[in-house]
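Lettered A, B, C and D in written order, each chain numbered from 1.
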Amino acid sequence: MSETWMIAGAWIAAGLTIFLFSFLYKDNPFFKIAEHLYLGAGMGWWFQVYVYNILGPKVWTPLVVNHDWMVLIPAVLGISLVTQFIPKISWISRYGFTFLMGYGSGLAIPASLSTDFINQIGGTIKPLSMMASMTPFAIFNSLLIAFGVVCVLFYFFFSVEHKGHVKTVSNIGIYFLMIYFGAAFGNTVMARFSLLYGRFDDLYTFSDKHYFYASQLIMLAMVVYFLVHNFMGKDKKEVTEDEAAG
Amino acid sequence: MLKEKLQKFFKLDRRWIFLLLAIVLFAPIIKPIGLPNKTISRDVQNAYTYMDTLAPGSFVLFSLDYDPSTRPELQPQAIAMIRHAFQKNLRVGVVTYIAGATGLIQQAFEKVPKEYNKVYGKDYVIFPYMANAVAVLTQMSSDFYGIYDKDQDGTDARTLPVMQGIKNYKNMALVVNITGTSMLDIWVAYVGDKYKVPVIGGVTAISQPGYGPYLQTGQLKGLIGGMKGAAEYESLIKQPGKGTSGIDSLNLAHLLVLALILTSNIILLIIKYL
Amino acid sequence: MKLIKKQIPLAIVFVFGVLTLISYYIPHKKSVDFMEMMNKWENIVAAFAFFLGLISLFYSHYSKIARKVDGWGYSLFVYIGFLAMVVPAIYCHGKQMDAAGKTALGWSFSFIYNPLSATMFAILAFYIVSTAYRSFRIKSLQAFVLFVAAFILILGKVPLGQIIWTSVLGWTGAGVDQVIDWIMSYPAVAGKRGIMIGIAIGAVVTSFKIIFGIERQYMGKD
Amino acid sequence: MNVMTKNKLGFALVLLFAAANTFAAKPGPAAKKATADPLLPVAGLTVIDMPYDVGGTALLKWDVRPSDTPDVTYQVYVSSLETGGWIKAEEFPADTRTGKDIDLPFWAWDTSIKEHAVKVELNNYYGEAQSTGSPFHFKVTAVKGKNTAESEVVSVVTLSNWFRLDRMNNLVLLLILIIAFFWAVSHAKRKGLFIRRIAGLDAIDEAIGRATEMGKPIYYMTGIGSMSQISTIASAFILGEVSKKVAQYDSQIKVPHYDPIVMTVCKEVVKQSYMEAGRPDSYRDDINFFVSQDQFSYAASVDGMISREKPAACFFMGYFMAESLLLAEVGATSGAIQIAGTDVEHQLPFFFTACDYTLMGEELYAAGAYLSKEPMLMSALKVQDLGKLIVMVSVLFGIIFVGVGAWRHWDPFVQVILNMFKAY
């Protein structure tokens, strides 16, 4: 990869990054360009993934090279979906998606039962099998989980009216849910900041002299655009500002 | 009067928050502040000590399995550990089982070896990406070259000076796996336990707690978690890098969030009770 | 007509659902092969479905350009973006790396696709802060619990926060690491487990409804 | 159940040994007599096909002896040839690897510590095709220092089995639920069915009303799941009910899609809803439209649409990943009423904080019944409640039994309970 390409790449990457970030200030033509470009690029990326990883090795090769005619079944089911565009025969597409739904449902039942049902019950009672060597605090913790699980499940009871004792218990369940939500939220913050830090770090790299100050120049151009835009459309500004502030 | 002002602050245009966040995250990149770092965590120290006590010339296999999405956290870890390996004059081999990692590995090895006058082929080697990690890892236990007969440039791997005397895991002193996926579990289960190869891991902050059991049982010799772990390792090898500036950024950004939610609650209290 | 329009699709759901379900309990090679085949079939059907999406996308942006609706110019960028990925992919047969290093597709990936997706992902960092500012307000006891859990988790994740904890709450003898560990491994697990069990049972019953054809609204009428 | 299993195992043993006896007749190489400490070859060595698996795995067992100390090592050798060709498959200290270490439940396995039990996965050494169906020979060598003692050779043909007996607990639970399901569905009555209030679903009317008043559209996101995911199926159902109301109010709805198949299904659903509402003339084919099958470009585009059109209400129902907050925060800033629902538990916190109402996990699945009040769906909800009841009772008694059992050291009893609640 030649140096020119690298520098061109840096300019494009820095530009697209800043365009997308500009949405945080407000919607603007540059964001719209990046958004639409991304729409195409995203589909383009998956297009080549599907062609080179699925249609090539899993459909074309078996069919043309190995003459494995079984592949025709999913291919026909897949093509049936495209009948969607012709309203008269669009019902044919049902053949395609009912297959997917049947397969998905069949897969979901035993998997949910084992990992999320049986194993979760097991996980709740298992710690107590160490009873003999547990500290009182550890016993308390294990009981706390069990108690919490039961309370949360009470919250999800649908065919019982939530009043009296049921209400009390399901309310306690809500507190456990709140702890989980808060903790999960707080736990994710760092990962998201790291990502943003990574983007900024890239922009910083592209701001180097080596890349002809790509980040600074694009940034500057954006600021100038917004200033000019605000200045030119002074009368319209009030509205957009308010709306953006929300 | 005060209340009205506070009400206004309550509905603060969120773009001010965005600006603040951008500043606190960006500023340390330009100029690392070096905020006080808490003591080095036990698992990072263990990782450092293990690597530090290896005999010069030992072969360390780095499995770098992360893609751009986890790069900010994991690349600094990888660079710090590679620096350490070069400092100690260890031989370095790099493999990967994530296609997206190849570009990042290239990036890491563009600069670091030069700092220590290390030569490709003699002191370190990079192998091409391989799919189907489990199968490859199992295969490598009997014959490394059965899978990796060529390095990334297509040179016959057996002829490289760096690979002299390396045939399988038995000849390797350490495996370092830095990953944002479940690769570390695979390394521990299929290689570490089976062939008694010491394994050190580097993971994201989110997945770090899950590896507690492996550390307890000694299946992992050490673990580096997130940006914080990278910063700690950098301070151990006395080479502040992206991890150190990163942890500054994260420190400030977290405090910003806390300050914001505290302020909004204090205002809420004042409006309610005053 | 009703047979081919309704009964056969329902039969397809039932047959594939039941076969997939029972193969969980059958370790035989035949059942393993069957599942492998189903997996492959699903991939293939999904790949064809992708074209359905692609055609819809192209068609809608084509009609925007053709009718010259407001902002039709942006629609051109959809095609540019698509070509920017697909042309290099065809040129180097879908490979991102070759012996000489990054290929054209590798370039497109790392300078177009990756900055775009990474930036979109990173925008979450901004939103997580503004959401936190808006919603972690203690208006009730429940909100207080939510607030405390989130606050401790955010505080304890960074060294500076740990230092603050030690200097303010050090006298309690509990480090913030331990507190976080406790929250994550006990009360939070209880909450999460309750949700998961509920979801599991709900998913099983919904799957029954699909397989046995009790819920069939998705097929439309006629 | 235990008895049945043992019979089954016994039967398999008889069959296999019929084949194995031919080889067993051949005597193994005599053990080298150790000078000081006699090291005897292992006793009672048997090999059978590993039950409940796809094949290619053999199970060796031999007696545990008092002389099995840590300084003795057992080596297991395997060969596909009648003579020679031995490959070392396993090596371990003699005081490890008994019947207890094989992870199978009590109804399918005898967890005896009186026998060593070692699984040998043949496809690690021979091809996938060869390892099932052809004969293999095994011997076990005891090693202590420089002394070795070799056992006789035993043989087995591994098979592909037909039933995962170890998954019996799963199957029993499945059958209970199926029976309950059919009972509930066939006894569905219009009267006497109660369902508790779900705030998020009551708010749907409010949201649609507001949209009608403001003359602004409603956005309904079905998430990034495929049609085979349960949350997407539930979402399509809710979309049906929502669009029915939208049609009645003569409001406007837009459904941007990630998955083309989901779009196909949702078109059918919305069309039918408009017909049921008596407004087939207001139905347009572009209510459902495709955006992108790339997670973040979908989020970027929908964010753009929301911020430009400022919808009166946003619905997020289905399977969501990181884009949950990307979408919900933009919706919140543009002032929409937001109702979310997902079964991705780690995205719930974000919906919960950024949206006005959130259907948590199972509530999403119950929404269809809640909105349509259809008796069959309502009674299916009872099955869900039954499932939760099973969990509560199991947890309660499980804790008591396991706690008491562990306290009193009734280990086998505790194992029985734990086995019952473990997925294999």
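Please note the rule applied: contacts are C-beta pairs under 8 Å (C-beta built on N, C-alpha and C of every residue); 3 or more make two chains touch, one makes a residue touch a chain.
The structure displayed is predicted, hence computed values, not measured ones.
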item: Distance in touch steps, counted as few as possible, from subunit A out to subunit C; value: 1
item: Contact-graph distance - origin subunit B, target subunit D; value: 2
item: Farthest-lying chain, centroid of Cα atoms versus that of subunit C; value: B
item: Pair with more cross-chain C-beta pairs in contact, given A-D and B-C; value: A-D
item: Between subunit C and subunit D, centroid-to-centroid distance (C-alpha), Å; value: 18
item: Centre distance in Å when subunit A and subunit B are each reduced to the mean of their C-alpha atoms; value: 23
item: Where subunit A touches two or more other chains, by residue; value: 20, 23-24, 32, 34-35, 38-39, 41-43, 45-46, 81, 84, 96-97, 100-101, 103-105, 107-110, 113, 115, 117, 120-121, 124, 146, 149, 153, 156, 177, 180-182, 184-185, 187-190, 193, 195-196, 198, 246
item: For subunit D, residues that touch 2 or more chains besides their own; value: 167, 170, 174, 226, 228, 230, 233, 260-261, 264-265, 291-294, 296-297, 300, 332-333, 348, 350, 353, 360-362, 366, 381, 384, 387-388, 391
item: Shared-contact residues (touching 2 or more other chains) in subunit C; value: 24-25, 42, 46, 49-50, 52-53, 57, 101-102, 106, 110, 114, 116-118, 120-121, 123-126, 128, 130, 132, 134, 136, 147, 150-151, 154, 157-158, 184, 192, 195-199, 201, 203-204, 206-208, 210, 218-220
item: Touch-based graph of the chains, sorted into line, ring, star, complete or other; value: other
item: Chains grouped in pairs wherever the two touch, ordered by label; value: A-B, A-C, A-D, B-C, C-D
item: Complex contact set, residues of subunit A against subunit C; value: 1, 5, 8-10, 12-14, 16-17, 20-21, 23-24, 32-56, 58-59, 70-71, 73-75, 77-79, 81-82, 84-85, 91, 94-113, 115-117, 120-121, 123-124, 141, 144-149, 151-153, 155-156, 173-190, 192-193, 195-196, 198-199, 202
item: Partner subunit D, residues of subunit C touching it in the complex; value: 24-30, 32, 42, 46, 49-50, 52-53, 56-57, 60, 116-117, 120-121, 123-124, 127-128, 130-132, 134-136, 192, 195-199, 201-210, 212, 214-215, 217-221
item: Subunit D contact footprint on subunit A (complex, rising order); value: 20, 23, 27, 31-32, 34-35, 38-39, 41-43, 45-46, 81, 84, 87, 93, 96-97, 100-101, 103-105, 107-110, 113-115, 117-122, 124-126, 128-132, 142-143, 146, 149-150, 153-154, 156-162, 177, 180-182, 184-185, 188, 243, 246
item: List of subunit C residues in touch with subunit B within their complex; value: 96-97, 99, 101-102, 106, 110, 114, 118, 121, 125-126, 129-130, 132-134, 136-139, 147, 150-151, 154-155, 157-163, 181, 184
item: For the subunit D and subunit A complex, residues of the former touching the latter; value: 167, 169-170, 173-174, 193-197, 226-230, 233, 260-261, 264-265, 267, 285, 291-294, 296-298, 300-301, 303-304, 307-308, 310, 332-335, 346, 348-350, 352-353, 360-363, 366, 369, 381-382, 384-385, 387-388, 391-392, 394-396, 398-399, 402-403, 405-407, 409, 414, 417-418, 421-424
